[in-house]
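Shared between the two complexes below is subunit A, which has subunit B as its partner in the first and subunit C in the second.
Let's turn to the complex of A and B:
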């Protein structure tokens, strides 16, 4: 009660009691093949893409059936490795030990026996083929998942000039493989979770055993298990469910499309979360300074990397504060503007009918609208909108005398600066905070900006991501990590893993092994 | 519990009353005062002066327009001068609010021009400067000049390059930092001077043939802040050599009956007190001059050791003459220490200074009784990029 906070932390529920699942059927597997097949059709509502192939075992008169959903399976696999085998001559087989025999016959590696009806249906819906045999209450679940997949492409949202050109795809198996390809280490671990009430989604928590702090893994696993949603459609759902503070404007996990980014984070002692059906993986925990890092900082030489990183910090401050500072200086503290500039601003603003705050608001909102319109439109149309919006509206607003030319410069600079942030979701957070700062500046001037800045800092200092302070390595000072924060020290000096993550094994490379 | 929450609420609300949007004045509603002139209009009886304050407000629209653009505005002046009379400057500036729709704003004030008439009245100058030191809106770096004749006339001068006369004077003195001219006095420096009651000089600007001339200074007594005289431009040059501020300036001399012009590269000054006798303080003033030849009308070979030595000798003589003339004037005529000899005693011999501080350039006036030995050491470091550009009279000389 006594502790009052602007951003109350949500307490995550601890492991919930076994969730009741409405999809579970009460129907049991029977011994009658025809009945079983009828039951399946009834449960699924007799869809047209449900393929039921009834046949007899090759050479015998024993009835059997394979059931799958077309589009989810690899058709060649079903035809060549299952159907052909079944229909081929099987005279020598003792029909009574059918399960054992089929494990020997069917040429598919991922195969398991099951006798629960609901589980078979779940597998069927995720692309497995089910083999029914008459007079048996056991089925075979054959892993034939396949179907159309997007090939590996260059990530759209995180293009780098220098760096690998491959990005995650929607299939979690492919994504796991991509990470495995980057980290060839026996300690690489993947914890699978099937999450979702109405529809199961595979969520994979990956980390490197022996590097990562085990408490972080435990916490991530616990939170992932607690997800209570009908459908986890995108990693954004996971992120929002397991984040520490849902009121914060800062994302507490990095999302990325790049396998190399996940791989390098895992090697630092972080945890990667892959969600089936989306190319966006999550990296947790993260800190504020992490969000300003791009992989290219490391791929380029350290001087270039450091300079670009400093530039990015400057860009962040500009994106956050520039319109607010403009409002404060123009409305309250004209004495702080250099004399000549003050005169030209005064001249430019002569005839502008609005106070600077309204002027800035108009332009910022216009820009946000343009940005949003451009993002949703097809690519080539988006460009047109950008040109029409940016150039035509900007120019004619000035010549119509609605805004001053300096305001256009301020807004344009702010917009460009906000794109220097490598993470799109952090950028969105800053767009909101910018408005907050502008209001503060309009009411109190620079004093208001400082008040707002203090508030923001209190919040950031309070924020945690999976137990790691969001302001690390600055606020709890981990001095050793500073060489990879605002500047990026030469790669030869970055031989240790960041201390703020409290990794189990601090030394990177082989030095540790040499010593021991 | 509840009270702590209430306190928090109060703490959150109070800042709103400390400052807020009702105190807001948009930049286009500000009247930027960049120059102020103060003139004496006359006395009203005893000790009551009638001051004329002229404020130069800029006209932003005219100032920021590109001169070549020419569209619309035409030959609009970049400034407006408004003036009002009162017995105090603050009252005058308040009265001036009726004269313009803009709210006068002094944070960008650059220069204060005070007419000689004001400084000639005992004590009036420091009274007049009070508002400029005290007012919260003003910067400490505002430059103060004395004007010959009416100060407000200078604010009417239309300069060629700058848009306003105040900016012109401001730039004239900042941009020519390395041109061997006097450094202007700033308001903060003046406050220091007033408090320690030291004699000082203030650079003077004057209008000659519709040109602004900035090459001399007035001497003000520290006792009552009254002007006691002027230094002409030659004497000001000497003053510059004593203060070590000649860098970038030039000095002319004759060599073999031809003109030689030397640019000062550095002129370091070291002053020592050599005799501590009150009645006859002796200072040795050592000027270490270094310069380069920039112009030479003759054809003599300047690379020869002999010619250089000769020029150096001439320079030493000329500089010494300049300096001694200035010293003589301030010592014998004005009896006001504006050349910083008192500082030498204060900095190096503080115990002695404590005894004589009230009799230094007043009372007993030990300053005027002291002697100054001037030693000049000139050194020509370079003869420029070429030795000669003309053929000598005779070959093979």
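Let's turn to the complex of A and C:
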């Protein structure tokens, strides 16, 4: 309910008539070549990278032109497969029949006829070449998109020790191809959406027909279509627009740079969302336990994979609770600390002028600042920040008596633990929650921590990602899915698809495959 | 997918099993060993505990079977068709009272106990208010979310109980357990009387049965849940008496918490384990309170169909808070406890008798 009202509000805002839309509708394709070319130049503001090559059809005196934007097209393709063909001898064909001529002549596979001006301009801006012929109100749109592209590299944000080294790039075509290379299945589907008011972006919704739950696909498509933004600059925009709850600290979609991750998710019955112009794909729906999984758990042997996963759960608990527990124990429940340790903590805190909450806050905020500073800096400077921040500040803060050495241990352990989470965006959420827990501990001690933990659980229990409870498979309990949750059972036991997604085809390996 | 309405929720068999201990296990078990130890000699308390447990398992099975022979109907509709509408309204409103009283009692107790074991200086009013606010947050969410919460919290409760029970095995002294069967018949009867009231709240389950996905399996599932609870109570009682002895147990207010105080955690990781135990136990108390208030909402909504959930909660919450502040000292709190539990049990007996007999007479439509 909140969702629809949210959309409506945004729609009202953008409902005002806009200038660009007006110009788009006023001009239509005429029969006069010179006029058409003039119009196109006026609309685009006569940019210098707009190339208009006027010529005559080879051997005849029929005038024609090709128009493209340099830098967006594959230059060789335009020269060899279009221009050369046009200028070659065309005497034998009736030049007035534009479609017959060029569908047979021009050596480009992606070719379509159009008679709408604004559509032609849109495709021109996405790298197509437009062919105009005099005395015709139809143009040909030739798919010549090309230009500079980044080559496939190892993903920066999700490096694995073991696993494929390829990552997504900015071009959505390449990314689709990468998924196709991983899943050679005729049921692999890609739904294309062009989204954005001022600038169109291609968003591709991919899934495997017959495996995925169709209601999820419908819902994803519906939400993607509802996107009402001027520009979808990154998949983050898509994520924020289509997520279920924008108040939650948890991301309800996983973002990934890894084609293998998307491929394996599709095979589990999830939906992948690729956005042109960004290497980050989205995977939906997701649950809390999914965010703690890394592909490497599957690539390593199961004992190692399971232990690392358990470690990650422990790491998450530590990252969330450790400073809060420290505050609670030191300020309220000193009796719970073993005597020996209590003495040494008391001795260490001897000269510290602040209560433990202030002490912890100081260190945690310093830690956050260091993290943020390091994230934005160039790599070689990042090390300096690490050394200055971690070593110098940590060490001198202790010797200056501002914080106790135990606090430094707590903060360092917390920081390291929070990096065990394979998903950066989940990690950020936990950084916020940690402060919440610290405040709760400062006011109510352990009682506050457990109430805060209950509140967190209430939130997770009510959170959904595309209709799938975020707390699945733990609650509601899908016992069959537990063997791939906290632990990762041997790969031979993971034959079935996860049941919490209610996928259509339950059997992951068909009987035939198993026999062969 | 359209957002799920509360009416659309479906609860599975597992949810019913989990709901039973979530409803029952709360503050009661913390003081239960003392109440029973007072009536019995040495470790004999397990006999009345088990007998009353078995009686209640059967009673639960019976009433759940009766109610779930009307699949997918709310408690109010079922009772309207069985005992006429005016009586149905009275019965439902009695459950509303039970819900409010239970919630108030739990809220009061959690504040009292956390003052004893966790925060000595924080005022009781603040502690109960904070807890009640968290409960309201849970109730105002989806009803399916409450079942998910039960599922998320029950493992913690089981693990901490098992931990205490297993650890206490090493501390049990023979002298505390033996001799057995020394209690008189009257003692056993008193024991049954004081232990059976701890199961009265199971009546709440009747309101959820309308959502059951497989109503035919519901009686069995409820009985399994009950058996688990009875087993847990019995084991904790034996552990308490075995470690601390009958005399000590009957003079402590919260023997289960003091049992965890006696234990020493191997490795010396934590001292005062009872604080940890109670911290985890807050979850158990929380689920009970949430269900109590949710049942109140559900019952009121079934009678007054136009009331909105949020308005009901806004009306109930201050009432619960007010009632929870009424008792002045521990004596009055235990009077409240007696009123709540006896009220719940009597209501459950009345409903069971009425429904079972009338169903036999009228038959299922």
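Worth pointing out:
Please note the rule applied: the second predicted complex is superposed on the first by the 487 of 516 C-alpha atoms of A that agree within 3 Å, B and C clash if a C-alpha of one lies under 4 Å from a C-alpha of the other, contacts with A are read in each partner's own complex, and residues count from 1 in each chain.
Simple rule for what comes next: a residue touches a chain if its C-beta (ideal position, glycine included) is under 8 Å from a C-beta of that chain, and two chains touch if they have at least 3 such contacts.
Bear in mind that the values here come from a model prediction, so they are computed numbers and not experimental data.
The superposed arrangement places subunit B and subunit C in clashing positions on subunit A.
By the touch criterion stated above, A:31 is placed in contact with neither subunit B nor subunit C. Of the two partner chains, subunit B is the only one touched by A:348; subunit C is not. In the superposition on chain A, contact of A:84 is made with neither subunit B nor subunit C. By the touch criterion defined above, A:469 lies against subunit C but remains apart from subunit B after alignment on the C-alpha atoms of chain A. Within the superposed three-chain model, A:477 lies in touch with subunit C and out of touch with subunit B [touch as defined at top].
When the two structures are aligned on the shared chain, A:331 is found in touch with subunit B, with no touch to subunit C. Judged by the touch definition given at the top, the superposed model places A:339 against both subunit B and subunit C. After overlaying the two complexes on the shared chain, residue contacts for A:219 are found with subunit C alone; subunit B is out of touch. When the shared chain is aligned, subunit C comes close enough to touch A:449, but subunit B does not. Annotation: subunit A residues 1, 332, 335, 337, 339, 444-445, 447-448, 451 touch subunit B in one complex and subunit C in the other.
On subunit A, the positions that touch subunit B within their shared complex are 1-2, 4, 330-332, 334-335, 337, 339, 342-350, 352, 355-356, 442-445, 447-448, 451.
Across the complex, subunit A is touched by residues 1, 4-5, 8, 15-16, 18-21, 23-28, 30, 32, 34, 58, 60-61, 63-65, 105, 107-108, 110, 137, 139 of subunit B. Remark: subunit A residues 1, 3, 215-216, 219, 332-333, 335-339, 444-451, 454-455, 457-458, 460-462, 466-467, 469, 471, 474-477, 479 touch subunit C in the complex. The residues of subunit C lying in touch with subunit A in their complex are 1, 3-4, 12, 14-15, 18, 114, 118-119, 122, 127, 130-131, 134, 137-138, 141-142, 144-153, 268-272, 275-276, 279-280, 282-283, 286.
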